[in-house]
Every structure is written in C-alpha cells, then in structure tokens.
C-alpha cells in the first residue's frame, strides 16, 4: 500500500494536494550524474497547467527544492529528496465534497479505506498534482539516459474520436524534442487542431473528454528485463497505472494483436549493419519480457477528467441519501496533453531502473 | 528478475518446458483452508491442450503433486510447493531452433540475456506450459475466495475480428460456472462458432490468430488496494503481463475511455439496499487504485501464437546471416481460449493477496 | 541499496549531514492517529547532543517539519514526510578528510562505492545525524503503540567494562518513563556514575569508548512474525544494524546461550490468570521467529566513536601513500547514551510494522 | 511472512519435516555456472546427522533432486528448484506434543499464529531439517564464489564454556577446507575434544548445550552493500537469524566493542602491495554497511537444543492446565557443529547476492 515503485531505483511519492508540500524520494540513483536544473524545469513546465487554452487557468509554480541527494548539482549516491511547496489553498471549495463523493474520483474509496480520516482537500494524495514530483524523478532519469543515447518521447495519440498516426518505426531524438517543444504535443498539428476543438467543445458544455498517449523509448540494449512477473511490460504497466486516470496500457501492437494473424504480427529477424534487428516492431521492443533492442513502445489510455461542471448524481455520506453534486471551480476538460511528460517520466524511470539492474550504465 | 509476484501472498513459478518438472511455490497462504483436489484438477483441465478441435493434439497430463503446504488436504501455514512432472520430450525437434531464433518468441532475447546458456528446449521457462503451475496457485485461490462469496470468471471476448458482448453489469457465479463448463468458454455460443471458424481457417493455412479475454471478480469489498503504484490496477496488470503472449491490459471501460466524455464515463453513486453502489461500472470496480465494491473487470489481449507453420525470416546466430525457418510440430493456432482459466488464476491470486493484505478474510 | 526498511510500514531515510535537510518518509501508517508534537519533540531531544557532559557541545536544533501525511495533527493515510533543516556548516573542517579516509568511518568504502562522488562532508549519509529522522518515525510509532498498551523502553546496559543489570522480568511502562527522563538513561544511577567516569576518562585522553544498549518491547500479542527469514528477530536485526556503529545484536539470553544447558535455557510454559506465559524469558519473547506474548528483549552493541582526537594512521587517496590523520573538532567520546532513544525508535517501528501486518491494531 | 530472502538472488525454502518433501527455490542465479553435484553432496553431508558421536543417530539421506534451473548440470538462467524427499516418519511420536507445547520450540507460537492448523509433526516448517535445502542453495553459491577466488569457511568457536581462538587475520582457503573435512569442525582439535566432552556430558544427563559458530568470507571486493538498512550486516543478520536456534549475531569484534576504546578498535588504513587494506580487522570487513575488502567475519550464537529428555513443565492446550512433558526419541544434544555448514551456506548466499547486485561476477 505504499506509493513507491522500482527495483534498484526506488521512487516514492509523498504529499497531499493541499498539504505543506508534495515531493519525491529517489533511492538508488547512480552517483556522479549532473542534474541540469534548467532543463529539468523546462520538463516540469510541460505538465504545468495554464500553458494553453486547453488547460485550467489555475496557477501553480512547480519549482523543485532539493533537500538531499545532490552535491554541487551532481548526484552523490545518497537518497535524493525533492519537494514542491504548495501555495495556500482555499480548501473551503472542497467542504461540500467531504460529504458528497465525486463520481469517478477516489473520494468514496478513500473514505472507505481510511474510515473518513483521509485528507481529500483538492484530491489529497490522489490528485493529479502528485504527478509533478514524479516528473522531478523522471526528468532526472531522462537526463541520465540521454547521456547514454537512450531517449524517451511521447505524444498525444488520440483525444476523443480524433487520433493521429503512431510514432514512426524508429523515432529520432529530434522528433521527440520537436514534439516536446509544442504547446500541444502532437506529431501532426492538423490532427492537433481537431483534438483541441474537441476539448474546447467539451469544456463549453461543462464536460470533459478522454485521450491516449503513445510513448517510445529508443536506444535500450537487448537483454533487459526477464520472464514472467518482473519483465519490462510488467514493470512499465505497474508504474504507468500509478498515473491518475490511466485505465489501459498496451505494448507494441497492443490490443490490435487481437485481430492479427501470426504471419502478420511476428516480427522477422533481419541483419542491419551486422546487428540483429526486427523488420517490424509489433512486439514493441519486448519479447518474453526482455528488450530486443528495438524501440520500446506503449500506449496509455486516460479517462476523461472526472471533475465536470455538469450536475451529477451521488450520495450524501452523512445522511445516506441520494444527492446532486455540482463541482465548482475550474478544471481541465482533458488531462491527456498534460499527461504526456508524465508518461515520459514514468517510462524513463523504469528504463533507468532496468539498466541499473543490469549495471548497463 | 525473479519469476515471482505478490505482496502478502507470494507466488513463484519454476521450471523449464522440457526439464524434470515445472511447479509453483506459494508463501503466505492462510492456514486451515481445505483444498478440493478434484475441483482443482477440473480447473487445471480447462487450460490443458487437446480438449477441443481448436487446440494442439499434444498430450500433457497436468497432475499437481504437492510437496509441502498441505496437511491432510488442508493448508497448514507453511509455504506450499506443488510440481507437475514433465514426461519425456523429444528435444531433438528443437535443435535447429537453438541457432535460428523464432520470430515473436523469446529465443533471441533469452540468448542475449543469458549469453547462450538458457535452456530453451520447448520454450524453456518462457513456455506457455508454465501457466499450468500458475493455475495450481490460482485454482486454490479461487476456492478460498469462493468460500467468502468472491467469484472469478472469464470468457473469450474476441478472436480475430469476431467479438462477443462483455459480461453483464453484475455477473452471477452461475454464469461463471456455465461458461467454465464449456469446451470453448464464451457467453454466446453463436459467436463462439464464428470464433472457432476463424481459428480453423488460420490453422488450415498454417497460421495463428490473436484474441482477447475478459475477466471479472465479484464480491470484493470496497477499500482494497491503494493510491499510485501499489493499487489494484497496478498489481493486476503487473501479474497479467506475466502470462506469455499478453500485450495489453485494461480495466473497466479501458481503452474505450479515450473516446468518452466525462458525463458518460463517470459512474454515478446510488443507494441500493442501503449500500452505496455505482449505477454503471465504467471504472471496472476501481477508483484511485482502490476497490469500490463493484465487480472488478479487465480485458487482456493475447497475441497470435508465434509458432506458425508458414516459412519465416530469421537469422542464423552462429553464422550471422539471414535464414529461413519452418517450425515443425503441432502448435495451438490460438492460445486465447486456453488462456481463459489462466487469466482467472492470476486475477484470483491478486484478489486473495489484496484481501490478505487487509486481513479481510 | 536503498535506505529503507519495513514490510507494511515502509521507512525511508534521506539526507546528508551537511546538505539542505535530512528527513524521513513513512509509507503505510494507519490513518486517524493523532501525533502529539510536544511528546515527539521530547523524544527527539533525548538523542540531541549537548544534553549532558558526556556529549559533544555542538548545537543542533532537531525540529521536524511535516511536509505531508498529517492533517490537523492526525495521520491521514497518505505517506508521511518530515524533514529537519540543517543549519549552515563549516564544511571546510572536512576538506582534509576527503583525501585521508578516517579509520572505522565509511569514508573509504563510500569512496570506493561511489568512485569519489559521495558527499561525505560531516559523514554525509553515514552520519549519526541521520538517526534524528529515524527518531521522528520511531517517536510516532511509540505513540501509536502506547495507545494499545504496547511500550518500548531502553537503557544503557554497559559502557566499556562497566555494566548494569538487565531489565526486570516484565518491565513496567513507568520504569521506561523514569529511565527516559534521565539525562543519562540507566536503571541504576550508581552504575551510571561509573559509566560517566569512563567516558570522561576516554574524552580526556582524546579517545572514545564503546557501549551496549538493552531494549524491551512489552505488550505485544503472541503470534506476530513468522518462521525463517521474515520473523521478528530477522526484521529487528536488519533494522537495528541500520543504526551507525552497531556491530552486534542479540535477543533474550542472546550470546549467553552459548554457555547454557537446555534445562536452564528452555522457558517453561505456565498459566497466569488463565493465560499461557513463560516462567522465564530467555527466548526474549520470540520462538520460531514468532512472538510468544512475553516482552521482546534485545541487546545492541555500539562500537566506540570512530572520531578520536588521537593521531591515526591512514592513507592519502590522491598520493597512495601512508599518512597521519588528526581529526579536529568536538566529537562524542561515546555514542551509546545518545543511541538509547534510537534503539527504541527502531524497535517501535518494527513492532508497529509487525502489528500492521497482522492488522492487530 | 514468507520464508524467502535476498535481493537479486531470491532464496525460498519450503517443506514440513514430515511432509512429502522439503526444498528450495532460487531465483536470480547467473546462467552458465556448472554445479558439481559430488562436491555439493559432500557439503550437504557435513550437516547430516549421524556423522559422529555428538549427533543424533537418526538416518536421513539428504539427496537433492533438481526439478529446474539446470540443463546438463549447468545453471540456465531460469529459477532453480531442488527438493529432498522425506522418508516415512512415525508421526505418532508427536501426537502428545500437539497438546503440550515443547518449551523453547515454536509449537506454542505456531499454534497461536495458525490457530491450531499448523503441521507441526517433527517440528514442521520450523524443523532444523529445513536447513538442508538451505545448504543446497548455499553449496551452489559457494561453488560459484570459489571460482572467483571468494571463499567461505566456518568453525565451532565455542560449545558451552569451552571456546577456541577465532580465525587468523586472513584465513586461507586451505584452512577452510581442512576444517570442513573434519568430523568436528574446529581449528584446534584439543579444544574440540573438550567441546565433545561437554556435549557427551550433556547428553548423558538428557540435557543439551549451546554453542557459537564463527564464519569468514574472504576475497570480497570493497564497495559491496550500502548505508543504513540494506547493507552487508543488515542482510547477513536478517538471513542468519533465519537459521533455527540462532539468538545472536555480531560482526568483526562484535559485542567485544562494548569494552573497547576507539584507539584500539579503529582499524588503521595501510598500503599493502599498492592496495589499501586495514592493519587490523575489528570492523569485520564492513564499514558503513559496505565491504572494505578485508575478510567479512561474523559470530552466530546457537541456543542449546530445545528437545531434552529431562521432564519439563508446560501447559495442556486442550485443558488449559499445567502439564509435565517428557520428549521421547533421540535428539541432538547440540546443534552447533551441524550448524557450521549452514552458517557457511547463508553467508555464501548473501555474499553472492551482494556481488550479483553490483554485477561483480
């Protein structure tokens, strides 16, 4: 029941949305790795709200303060802890919610689990805000990986009924950078405009909309991971489902394999510059839980933001009777585009953990 | 890199396909639970090959031998170990494969990882045969859960382009039993006939076909699991991706959430007989990583069997040159229907682990 | 390689001695537990330096700042993080040490492990100062336990060649409190005076001296823990060896069992007020790794402070030649008396973890 | 609560004393390591009973049967499982014991923990017999280590009031072999004769006697392990306390540090053949939880065998009234000498785990 994951690299997230601070601990980081704080801040800013018209207008300054683990900006082998101090919140907005659990939020399940003792102001420990500390750890992991020629990129694959193409067969770091630099991280800006229109329409009706993120990790050597329960897919999936609102994860061709024949889906082995590669990558770079040297690719499905302005049916916990709920305040009509760097962060952390486990660093 | 999973209930699978025996260890089982060996054997038989025209004709007698953990047929608190002895294999069939990795199998990645030392005869530790010991543990878990009114059922949701309806809103144990009793476990036999036709067609061409399994766990109390990385979805996904050939896992509406509006997807809370339930179950019984008391539902995508009779392109590892490969022997043209009890087994193990963790047994 | 321990209750310590802050994360705390901050501060003060003539005169204000996990002073189910901000340090004192590893310190082993990248100013992550955050977690655990009638106490059993009696058969909470209230926590003040004299003598010569702490946990129910590798002794020992300077741990009669006959050492079972107890407690409350309901007792051996003022022989890492080292600054001539609350903290954390695991709270 | 330990190398022990088989699973073994089965059997025989006059006359043939993990006698990367089949037992001997818990055994605590459901015939999962599978894993670990110049040896340091010298400063593999070849593994046979006399005397009175084992691991590189809770001492201690009857563990000077001054106890760093070593080894090869390249040394205290022939006081569980107990059958009057290879086994497993973690193999 802990908010931790990882084998050699152990990530722990702490904090409540309206508490004093949120943060992350990272045990097992290699020593001697410089952390580029400006680069990290740019990465953090990619998930920050208020970045474009598709996001909530709330202001949050997500500046990490490093309590430990760095000396002169370089990792020193001891556990890293970084926090983001919360600004003051008007928790009064959430008073009504304590009695009326919001549909599709964790209010009800947290109330059952902790017998009414959970601090659920602003979503508490379940808030999407907790992905900010995750991005601190992930941003650092990305820097460490990039130095070894391992790159992590992601884009919005779909919003509602509008989707774009998947990453090309072997995406280049430049592509990752180009997408990351966009306010709305898509490969194809035309598709992106359609997606924005869908989000705007949902917002205008007080509604929200789901979406899908694709992520790729390139440059990983073959041989990472293992069979059965501690392989690459197991670990990535376990970590990715830790991002709030994720309801589905697949790898390579993923759910498309259901409709495929083996003769289509099997990736032939071929030689390229004396190396064994596959001619296609339906496996998403993973065979038997072990990397095969091809890009590791995954898709992550995000549900529509549970917080909508439309009236919803719920129950009063104190009176155990039906109740109507109207959630006030501004909320993201879609979390998918802000989730893009979060998916990258999680993928980078797991990739670094896999490498550290094999001491391939 | 271990073939283990679970928190309080620790499952470890061992064995190679052509080794002396395959088996499972289970640490953390509660004491005093009778194991109905006949019921367990019936469950094991559901995944056995040769059960119908859709499976391989190979004969394997999967009779578990209990080495420890039971006394007079009742769990005694100490670790359980059960094995299935392998009959003699003609490993000569696999001699060619040692040099020519089969596409979409783990031959190549295992060769890289263990530097040519892996015992890959018959697929080695990566073989689908390793799901038999998983079913021993899962079958026992199912019995323990059933005594508490917690039931686990699954069915073939799709084969190739043919799919059937999902489970009804709140599936009854009788439905689970009725499906489990079928040679081809579907809800709708008409759809099942279409699926069988697709499998037969693939087989006739020396090809294979993918599929999807849906699973539901009913009767779980609200409050199991937790936020972020150790919740119900994280743990189920991590375990389900341990089943060979799984490439995607989702929960509740799963990947369908991508196209949904919040107003559609949010499950309203309502009162039913004085209990708080949800009017729909797009969340698949999980909010914030914690059970909400509704059925926990998931889908699992299985890729087409990598072993096909058609000629395939690969590489000779010894000569590092292109090679053509024809896999001989009989192989399942589809693993999905045999995977149905395996998915149930994994879901049952995770459900029991969640309950034990909360001492809700 | 992480600085974490615990099963259900997960404790992680972070920080370097001269970094921005040191602190602790606690995952798995039960919700609804009030934390008495004044009581906690009094507990923290017991390990603070400068408390008596036997300690260093350095001033450190160990005031925990809670970043998460509490709401209105009550645990809320989400991970707790608390930090202690470090005041500015003259790290220049430690410049010489970077090249000349101090005997019996971790300077050399950290240099090897992290290839010269460790932040070892003030001892870095190996500093005894890191026991302060451990006391935050332990102090909270003690409060939670005390509410259930479970009490943890410790005393100085020996300093150098002077030792006092062990705890009585079944120590009362009042005795624990009385010892804890002393500047120099012994049962017998006369023995304590002898111990102080030994410390004073060592200090006067620029030397240091070892010692031993005895700890007892009373009120634990029978049935906690388990056989073999995850039992009460395994977990207490693994955690206690995490305290810097500990070189030995034993339980009950401990190393004295070497000289005992079975007829002396076996604790007879007897009835007392209808309960099964033992007439003696050489087992230290643990049989087969499981509590038997008697006080859990342990001894912990602390080596003499490695930092002494006397000249010592070492090696210059940069020149790979013999070097003499004189450690400047004030240092505790003995850590044992300050370690008393730290041992209590660790014992309390493990005891709470064992209880949570069995949901006996 | 599982009977497992290890980080990268995961050891799990299963079996009840009178069950069908006892055994061990080993996840994480490196591939490509030949296992010399004759050498392994010789190692196993060192703990077997009936080897000399000091042991019980019971006959047990401890022949490991390998179910998985080996191919042609070489480790193949997949989990290893080995079992030892139990011969038929007259469990009737233990009928009375089910109602009258034996003092200093786990009968009572197991009865509480598993509510009377434990299979305690012959000691069940708590039996010393469970150290046989531990020796399978440890014997394999020893062979893997020896190939890298890492050697593990142990001897009887004390029986009752008779003790011998500790290992020399840097024990040679030849010394380990010479001791291991003895029926009664001591350095000094004269001291050994005294020890045997003490055991004989205890046996003649129907009593038993405690003892102490010293173990050393030579050849480990500096830099293994880590600070605080996952270091070398933590892991060795956690594992060693898993051996039945162990009540104390210390490292290097261990409990002797209590009486030492820093100037005596600190090990000076010196140069030897261009390498940094220490002039003494009071640290037992471990500083700050990390190996320093010197021999890792430890002492393990074993309590006198709880099974004695003398009448003992206990309680009838069914009638909850005082009862007298006389344990029939033949029992070791001392377990210490048979425990010598078991301590080696555990130390070897932990050492191999530490090396694998650092990929220093």
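Residue numbering begins at 1 within each chain, and the chains themselves are lettered A, B, C and D in the order written.
As a working rule, a contact is a pair of C-beta atoms (placed from the backbone, for glycine too) under 8 Å apart; a residue touches a chain by one contact, two chains touch by 3 or more.
Not measured: the values here are computed from a predicted model.
The chains that touch chain C as well as chain D are A, B. Common neighbours of chain A and chain D under the contact rule above are B, C.
When each chain is reduced to the average of its Cα atoms, D sits farthest from chain A. Inter-chain centre distance (chain B to chain C, centres taken as mean C-alpha positions): 46 Å.
The distance from the centre of chain A to the centre of chain C, each centre being the mean of the chain's C-alpha atoms, comes to 39 Å. Annotation: 27 Å between the Cα-based centres of chain A and chain B. With touch defined as above, residues shared between interfaces to two or more other chains in chain B number as follows: 1-4, 8, 13, 78, 110, 113, 125, 227, 357.
Against chain A, in their complex, chain B makes its touches with residues 1-5, 11, 13, 101, 103-106, 108-110, 112-113, 125-126, 130, 158-161, 202, 207-212, 222-223, 225-231, 233-235, 237-239, 241-242, 244, 246-255, 257-271, 274, 276, 278-279, 282-284, 287-293, 299, 301-308, 310, 312-315, 317, 320-322, 357.
Here chain A touches chain C in the complex through residues 1-4, 8, 10, 12-16, 19-23, 25, 27-28, 31-32, 65-71, 74-81, 83, 110, 113-115, 117-119, 121, 124-125, going by the rule given at the top.
Of all residues in chain C, those touching chain B in their complex are 8, 78, 227, 357-359.
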